[in-house]
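Per-chain residue numbering starts at 1, and chain names A, B, C and D are given in the order in which the chains are listed.
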Amino acid sequence: MIRAGIVGGTGYTGVELLRILALHAEVEVSVVTSRADAGLRVDALYPSLRGVIDAIFSTPDVDTLAQCDVVFFATPNGTAMLMAEQLLARGVRVIDLSADFRLKDAQDWSKWYGMEHACPDLINEAIYGLPEVNREAIRKARLIACPGCYPTAVQLGFLPLIENGLIDSEHLIADVKSGVSGAGRKAELATLMSETGESFKAYAVSGHRHLPEIIQGLNVAAGKPVGLTFVPHLTPMIRGIHATLYGQLSGDGISLAAIQSLFEQRYRNEMFVDVLPPGSHPDTRNVRGSNNCQISIHQPQGGQTVVILSVIDNLVKGAAGQAVQNMNLMFGFKEDLGLKTLALYP
Amino acid sequence: MIRAGIVGGTGYTGVELLRILALHAEVEVSVVTSRADAGLRVDALYPSLRGVIDAIFSTPDVDTLAQCDVVFFATPNGTAMLMAEQLLARGVRVIDLSADFRLKDAQDWSKWYGMEHACPDLINEAIYGLPEVNREAIRKARLIACPGCYPTAVQLGFLPLIENGLIDSEHLIADVKSGVSGAGRKAELATLMSETGESFKAYAVSGHRHLPEIIQGLNVAAGKPVGLTFVPHLTPMIRGIHATLYGQLSGDGISLAAIQSLFEQRYRNEMFVDVLPPGSHPDTRNVRGSNNCQISIHQPQGGQTVVILSVIDNLVKGAAGQAVQNMNLMFGFKEDLGLKTLALYP
Amino acid sequence: MIRAGIVGGTGYTGVELLRILALHAEVEVSVVTSRADAGLRVDALYPSLRGVIDAIFSTPDVDTLAQCDVVFFATPNGTAMLMAEQLLARGVRVIDLSADFRLKDAQDWSKWYGMEHACPDLINEAIYGLPEVNREAIRKARLIACPGCYPTAVQLGFLPLIENGLIDSEHLIADVKSGVSGAGRKAELATLMSETGESFKAYAVSGHRHLPEIIQGLNVAAGKPVGLTFVPHLTPMIRGIHATLYGQLSGDGISLAAIQSLFEQRYRNEMFVDVLPPGSHPDTRNVRGSNNCQISIHQPQGGQTVVILSVIDNLVKGAAGQAVQNMNLMFGFKEDLGLKTLALYP
Amino acid sequence: MIRAGIVGGTGYTGVELLRILALHAEVEVSVVTSRADAGLRVDALYPSLRGVIDAIFSTPDVDTLAQCDVVFFATPNGTAMLMAEQLLARGVRVIDLSADFRLKDAQDWSKWYGMEHACPDLINEAIYGLPEVNREAIRKARLIACPGCYPTAVQLGFLPLIENGLIDSEHLIADVKSGVSGAGRKAELATLMSETGESFKAYAVSGHRHLPEIIQGLNVAAGKPVGLTFVPHLTPMIRGIHATLYGQLSGDGISLAAIQSLFEQRYRNEMFVDVLPPGSHPDTRNVRGSNNCQISIHQPQGGQTVVILSVIDNLVKGAAGQAVQNMNLMFGFKEDLGLKTLALYP
């Protein structure tokens, strides 16, 4: 039994961590912080957790958090980098669900996130927490940078092709659709139900913060710089990401069956990546509430363009679930402990 | 480990049973029938179940089902009554999620369901599977008639008042709202997204089949015939029932605090009925995917009218979850085994 | 051609006024104010209005507004009462869509709205703008208090019964469901899509501001004080109100057919109130975007309880449409000018 | 005043035609056919039309239809081709909203639509009813093949680039998202709210019937065969299409500003195509219920890939609205007569 702390427990990734950890056999959630709601019972704010959690929101404090074995940061960007160093110094492992340690280039980070990085020394130590790429490093890590939701869906979809040099990596296209919970639990006009319900739009087409993160990951897989056009969209639902990925097959002659087989091979031992049978269309509802990524591969009209469809729940495999998957690896638990929940269909 | 069969595995209550039983520590789902989809892998129809269920839909057959310890009927009305007797005769316990054995009066049943009852002899033996009322009888039962979704939400809300004679039981009003999954997985115009999305309506105001079932249950609680106006509505969401119940306080002077206390007392030992703190408004999202019923009590303007708000997930506490709760009781398992899943919020 | 001003043009009732007035044959919208967005083109904020409106949001200013023939207040409560007197003094007619002049008792108003009334002298002059009740007074009015959305749906449903003393007016129940646009265009957690989508709840059961307004209207119709339990609910859709109204028939023996006939008679000459055929269930989608109220009457099991179903679009008949209907009456235009838009189905 | 007939008045495009034509100043809808609902009042099936339409569904019959000046086919594919010839022979103009006359190659049509074409002789005469391309031919046409919903959004987005040879026309990508009303008013499992609500998926990635239609139109614009990857998706809303279009700029050096200017120039005189200011993201809600197409242009990171965003209401500009626009042209009415309705926001 380990003791876990959650900093920023009132956002959607925070409450999703609570949903998962409350039933995790090896974890006791001992600290949940929230500046705004300090003093309030967690289950007063989240009645869905009544009966399983007895915690009270507290003000974030290093001394208190230092009594945990692991601390999750489910905070806005710019918070984890202020506390991570002190916690690590006291022997606490840190899993950051925000973007603070995702980019390896501190200057690039500053450009996209609009502030100086407070803790550039730790950037190199941080392990990018995509188990399907970095499993062994994660096991040994003290500090995990959990991938963003879009980057998870996009990388898992592109990786087998990029790693094997099968597509023109200079002209990748990722057309990705997200439910509104990805925007977080913030009082904003743009995500009111009256604004986003029954409507569909693209946003941030000129440049979204997840772009450099995806490129960084694909660069590593390709062994060279890739070119990516990434267009995020907001779709009128709460949970779910659907990535539609386009690549131009290079060279001649790999068959769709061979690509299918390649994907199946690549993810054969992955518990949470599921390559669907040929001809399938994954549906975000089939991963809603679960830690799974479902993928299918198409080659329309047998042409040069390959289309990969990749779906996840943005709050689970795209955030809290993946964070717990990382924690399981770090502490030597079974990788799927606490993560066996099935998708809620319908 | 017991062996369970599901007859009618392709409807929403069927797939919800599969979602719950697939992770139940004491159950192996050994038979799943579907006339229409016989021969198809279950997870081909329901990709949300990939990796946890290996079954293939089969044609319903008594000999095959007789090898199970328990058979669930998640069928349209009129099917369970054709097979229950033979299964019971072979020592199989039967949990019927349809309406076949809910009404004690076979003639009344015929009137509301539009067909002769094929098996009136079993009606008396069947135990109405509302554990909060019939727990001890359920433990010993061979045949369970699982309550309807509306009746579950309405009865749990009214029971403490009715049992204690605190309201005028001749003029009860139940204004109840359901998500569209309650209509089942049937190809019908009325439940297309284009017809039910972004719209709200009442239906069956002149008389809904759950009316006699609710009245039967409340009659028992009251010890005399009650009068109920029941108005069901369709609300543009998938899961959830919200019952708004109105009663006139009889006599003078029970305070709201005393009513609150009465409810808390009544459900103190119930794992799945949760009386919220005074002043609360339950929200269906807080029970989505869970087997909980959340209830709050109001007395607007301190007047004579008491308002009870009661929410459940129609597919869980209103169907499959309650069925598994019954099964746990019948087989001596812990009552919440396999049912600890938390609500999916947001 | 008259000149109209809109104060508070950035809320949902404001933009709905613009949608209607932009195509109104006798109105030119000459001023649209918004403190927050002053200087911005109206169609930059609302691209749905591109091509039909050339206005720029301005800071509200009496001198500018005084050049209008009529000024609509689509503002939060407490604003219209600060400017109405000056505008009336300059000969401008005022139509207030907020609650400032709805209640005839200034003290009661203060209690429910939490502030002193700044202009109690005008309360008596203000005409409650429900044309189906006050048509002649509206024609001559200088100042209109437009009814709230809930009060419109509830009063239109109850009026024929109350006016004719057919139900026990001391025990009325109004169980009403609203889409989320009723909460306005405000950055608030509670109306985020992640909070309200796919979920249903009651709110303000202990007392909602529309309660005294409804009671005031029904008192007039009854000629004596009525008793009302009013429970509002939030339903996961954008537009629409569905009122389910319960009354106990007094005396003996009015038939459902007679009640149906009474309703048809009461609303025979009303352009915007439509009594559906016996047995109907109105659906909010059938009035979405239109100024219609559709009503049906039921008497479940032929009992003492009569159930009235009444639907409107909260932003049209419940706000902007009714305001324009009032304006048409005040200026001698045809009552339905600019209001013939049909509901958007599906 | 002309007389119009609608064959297939019970589908969503049929009822949308009724919504528009009921208020059209120059049209009387004299015949509305429906095999299934013959004998029923139109407003009994569609209460949203109460008060504006007095028609009764009749069985389709050439003699009756021949009394109309124009007949709209809002039928499943394969019906219009059986009746068009006879109606034309009697001097009736025909506007087909189905796919029967969209493809110029009858064999190609047979391949995609799975039946022999019953009337190949008329294919050549039929004018493809995209006014932004074929306005003059439409004015003189007897037979119009209205474009599909996807083809309308995609072609309007790509045309300026293709016509001017600015992008590599061999590697076009159209990632398009549709609301569920595009699937029509049919009792099918796949479009139940429980199946499509709160979920997102691609479908028909291997080949959708609108693919050859789009290619045919773009071929004409390019003056040579184009290559297109077209991936349609289902998004959980009722109305709206959002096309995200990707092209590789050919040659070097056209600036984004120049492309923006090119689009504005191309559509300067188009009433229903609206090029948004630079940096905009069109939102389907802003065209919901209107005949507008809103378009914006992006060039992420100043790279070689240009991204066009194009939104329409699939039932209006994508079907019934465009059909009426065609009718207006054919009969010499103002092109926007009856089509000035503004989008319903929120």
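Assume contacts are C-beta pairs under 8 Å (C-beta built on N, C-alpha and C of every residue); 3 or more make two chains touch, one makes a residue touch a chain.
Everything numeric here is computed off the predicted structure, so don't read it as measured data.
Ranked by distance of CA centroids from chain C, the top chain is A. Interface comparison, B-C against C-D: more C-beta pairs in contact at B-C. With centres defined as mean CA coordinates, chain C is found 39 Å away from chain B.
With centres set at the average Cα position, the gap from chain A to chain C is 45 Å.
Taking each chain's centre as the average of its CA atoms, chain C and chain D sit 36 Å apart. Residue positions of chain B with contacts to 2 or more other chains are 12, 181, 185, 194-195, 197-198, 236-239, 282-283, 285, 288, 346. On the chain A side of its complex with chain B, the touching residues are 12, 15, 19, 22-23, 44, 46-52, 181, 185, 197-198, 238-239, 274, 276-277, 280, 282-283, 285-290, 294, 315, 340-346. For chain B in complex with chain D, the touching residues are 12, 180-181, 183, 185-189, 191-198, 236-238. Across the interface of their complex, chain B is touched by residues 171, 173, 175, 177, 179, 194-195, 197-203, 205-207, 227, 229-231, 233, 235-240, 242, 244, 246, 248, 279, 281-285, 288, 298, 300-301, 303-305, 307, 309, 311, 346 of chain C.
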